[in-house]
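A, B and C are the chain letters, set down in written order, and residue numbers restart from 1 in every chain.
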Amino acid sequence: MRERSGATLLSRAKRLGLIGGLTGGLMSLAAAGLLASAAPARAASVTLIETGSTLLYPLFNLWVPDYTKANPSVRITTQGTGSGTGIAQAISGVAQIGASDAYMSNPQIKQNPNILNVPLAISAQSINYNIPGLNKDHLKLSGPVLAGIYSGKIKMWDDAAIAALNSGVKLPHHQIIPVHRTDGSGDTFIFSQYLSFSTPSWAKTVAYGTTISWPAVPGGLGAIGNPGMVQSAQQNPYSIAYIGVSFHADIAKAGLGTAMIKNRAGKFLLPSHATVSAAADGLVKKTPKDERISLVFSAGANAYPIINYEYAIISRKQANAANAAALKKFLLWCIDPANGNAPKYLTTVRFVALPAPIVALSKTQIDMIK
Amino acid sequence: MKLRPFRLTLLGLTCLIPAALGAVLLFLALFSWPAIRFNGIGFLLSETWSLGNLYADPVKQGGMLVPIGASYGILVFLVGTLATSAIALLIAVPVSLGVAMFLAEGVSPRLRGGLALIVEMLAVVPSVVYGLWGVTVLVPLVAHVLAPALSDAIGFIPFFRVTSGSGFGLFAAALVLTLMVVPIITTTVLDALTRVPREAKEAAYALGTTRFEMVRKAMLPMVRPSIVGAVILGLGRALGETMAVLMVSGGALNYLPGTINSPVSTMASFIVSQLDSAEQDPTGMAVRSLAEIALVLFIITVVVNVIARLMVRGVGKPARV
Amino acid sequence: MLSLAGWSACAVAFVLVALPVFDILFLVISRGLAAFSPALFTQVTNGTSGGLANAISGTLILSAGALLFGVPVGVGGGIYLAEFGNGRFGAIVRFVADVLTGIPSIVLGYFAYITLITGLGWHFSVLAGSVTLAIIIIPYMARLTELVLRQVPQSLREAAYALGAPERKVILRVVFPIGWPGILTSILLALAISVGETAPLIYTAGWSNYMWHGKLIGEPIGYLTYVIWSFINQPAASAHALAFAAGFLVIVTVLAINIAARLVLRRTGGGQ
């Protein structure tokens, strides 16, 4: 035992000083935090949480700052967590707006009849690859070929099936690394729908969904979110990935190649405003009142095959009237061709505005929110 | 007997500790019970994890409503968990022992504190920061340097023959786990080595050994219980690690790792990545199967930790965390 | 010569271990400092850019909440185990505490998600996050507190009891004044754990782009580790900068707490 009392007193004083300093520091930080949070709390009245699709996330991050500046009484938190999370948290009420590239399934609707699927815009998906030397060209790929790649039946880039679509292109003799999403993803939904609609064997064995049982392909990678897909493709030569078009800038920066995809009419197309609009217009009349419909692999000579409505999954019954009113106002702003659906937002993410009849249908659904 | 309010207050607070564990165990068991019944033993043996066709109507199977084609098997994740932990320990144990020996007898006592602090820094870094470093530095390193080097060196063993692959996979995950496990083993063994009585060391010198031989042949055997206990504690840590592994493991599904650079999924990282998908299942069987994974993980870590604690016994001395 | 080879191998092992430490610290500190600016502390996160004010205050609030719930149970439990825990009950609690330290935090996070967030309907909330963190840190505090208090000589206690002092006085006036540095160390270490946790908070606290409004349930909150985990996967350079800035803040805080804990122990000659 130490018994030098003088030194003990001194060390005790130092100790107290240290402890005091630490505690004081921590408490003042906490106090500062609380003060800073208390001040704006009096001003804002409604907080909305948006979570879900990483494909829609960049667009929400463009909408929210402008909207909240014009409407300072509303605060909207955005998160890019995957369509699966968006749907799940909208159903459980944890989030007010669930962003999803996929509409809810029939069993889900049956279990949750109060949930609305409201399209906010039309988006598309590109198939990107990273083949050294070929990233500037646009390889031609079809549904059955992609199904073969993602099921492991087509293993090499110079496989006969791929070569048949790309005569004259020197394909490398190298293993393909297919990248898929591990989180519950709307991109997986529309990609697997494209594979299911175009390839009967895929429809029978794997089918489609926000999450599917990916066939075992040795070396196949899982990535989280669209950003993860871009990163995985970028870091892995000879890989192939499905990525939402809102990430076109990052795809370009990563130097990935974009494939031309075969549509139902047999033409190979790149996603562009023209090809996406062509595909959407064809299905406007067929869109039902609850607006749950697939836009994938539609008919039309110039129709890009992998497109979808971007949905806001909303509960018809909100926690209180203030939330409901704020939510309705925001959603109406989003689908308004003069506001959220204006080119100044949509062209940055390469989305297409909702056709007028769809805007009307969405408005009817939004009005149901109480 | 007097009612002692102070002691009773303390007792009440203390009871919350076993209550918390009991609540977690009870919840996991009750919540996953339907999944346990549906999955049976195939849960642990099947390579296929499929949530089924969530967009078709559910069907009745085995007396329960499940999505069509649903089949929950966690062999891939069990293997991923055990493989990453095993490789991590394989690397960590000799390295930790080397470091502990180095610090105990190889440097002067003045340097020991500072150098030991460096090792303990590894224990201080939060898991998600390990993930951050792993994604930024380690994964490219594995992809471009370490995996090819390993393949060149011992590529005659098929498991180590690596021809392609990103750095995301078994090797990177194991390396990150190694760094997390090393401080646990090193500090425990170092502590035990510094407590070896001087007489034992002098007896070895009297027999004419060099310093290194003395450490290896006299001191290490004396601290073997600590070593074993620390290794098992490290194993417990490795088995339960989530965030860092999630960020570097590559997210494998439905296949077992073929080479050391193959993507893997561990049970802990799989729960995080699958939860929102599982919530799409209207029958709820998917969420319950995830809870079953959590239960299996819980049981494994409990068993491992129990064995560890029994071995690092010492009066009121749990291994340094 | 074998000895030389042996010591060289040990030295190499040490270098292999030390290099990653410096590399991690260097990476996080250099990139974090590059992204450092006063705006981090004043602005809130705006999508994937902006500042970290909401995350910083959120981490502090969640840690404070964790300590609020955790310290009474953890330290109280530790005191009980040290003073009265020599029987079967004490052995059981000790065992359970050790087991709890080994449970993966994701299991606790999942448990909290199903029971508190959706089951009780709290949704993402400060309360759920704090309670989950508390469950994680309680066993560490209990075991360390017990360890420290057991080192207080029994003779002191016996002398106090012999003088007729009641239990409360013995513990608070005799045992505690000697053992408090160790208890403070255990609390500091628990704080360090809270600041660095991620997986359980993803499922209990959620995430918020705004400062906390003060609602205990039904309102999510931001925290630094979420930024690290989620923003590094975003393609925007601003997101990466924020991820490293958050990583820098977390690691500096955790290091500072650990150094403080060590200083407390060293100055008072306590601890193991």
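The rule we apply is simple: a contact is a pair of C-beta atoms (placed from the backbone, for glycine too) under 8 Å apart; a residue touches a chain by one contact, two chains touch by 3 or more.
Quick caveat: nothing in here was measured; it's all calculated off a predicted structure.
Enquirer: If you tally the C-beta contacts, which comes out ahead, A-C or A-B?
Expert: Pair with more contacting C-beta pairs, A-C versus A-B: A-B.
Enquirer: What's the farthest chain from chain B if centres are computed as the mean of the Cα atoms?
Expert: The most distant chain relative to chain B turns out to be A.
Enquirer: Between chain B and chain C, tell me the centre distance in angstrom, where each centre is the average of that chain's C-alpha atoms.
Expert: Roughly 19 Å separates the two chain centres.
Enquirer: With chain centres defined as C-alpha means, what is the inter-centre distance between chain A and chain B in Å?
Expert: Measuring from centre to centre gives 32 Å for this pair.
Enquirer: What are the residues of chain A that contact at least two other chains?
Expert: Chain A, residues with two or more chain partners: 92, 224.
Enquirer: What positions in chain C touch 2 or more of the other chains?
Expert: Where chain C is concerned, no single residue meets two or more other chains.
Enquirer: Going by the contact rule set out above, which residues of chain B touch chain A in the complex?
Expert: Those residues of chain B that touch chain A are 47-58, 67, 69, 71, 139-140, 143, 163-168, 250-255, 258, 262-263, 265, 273-274, 276-277, 279-280, 282-283.
Enquirer: Show which residues of chain A lie in contact with chain B when the two form their complex.
Expert: Within the complex, chain A contacts chain B at residues 81-82, 84-85, 87-88, 91-92, 105-108, 110-111, 174-175, 177, 180, 182-184, 207-224, 232, 235-236, 238-239.
Enquirer: For a test of understanding, state which residues of chain B touch chain C in their complex under the given definition.
Expert: 4, 6-7, 9-11, 13-14, 16-18, 20-21, 23-24, 27-28, 31, 94-96, 98-99, 101-103, 106, 115, 118-119, 121-122, 124-133, 135-137, 179, 182, 186, 191, 210-213, 216, 236-237, 239-243, 247, 268, 271-272, 275, 287, 290-291, 294, 297-298, 301-302, 304-306, 309, 316-318, 320-321
Enquirer: Which stretch or stretches of chain C touch chain B in the complex?
Expert: Going through chain C, the ones touching chain B are 2-3, 6-7, 9-14, 16-18, 20-21, 23-25, 27-28, 72-73, 76-77, 79-81, 83-85, 92-93, 95-108, 110-111, 113-115, 135, 138-140, 142-143, 146-147, 150, 166-168, 171, 192, 195-199, 202-203, 225, 228-229, 232, 243-244, 247, 250-251, 254-255, 258, 272.
Enquirer: Mind listing the chain A positions that touch chain C in their complex?
Expert: 2, 11, 14-15, 18-19, 22, 26, 29-30, 32-34, 36-38, 40-41, 44, 47, 49, 60-61, 64-65, 75-80, 92-94, 224-225, 227-228, 230-231, 247, 250, 253
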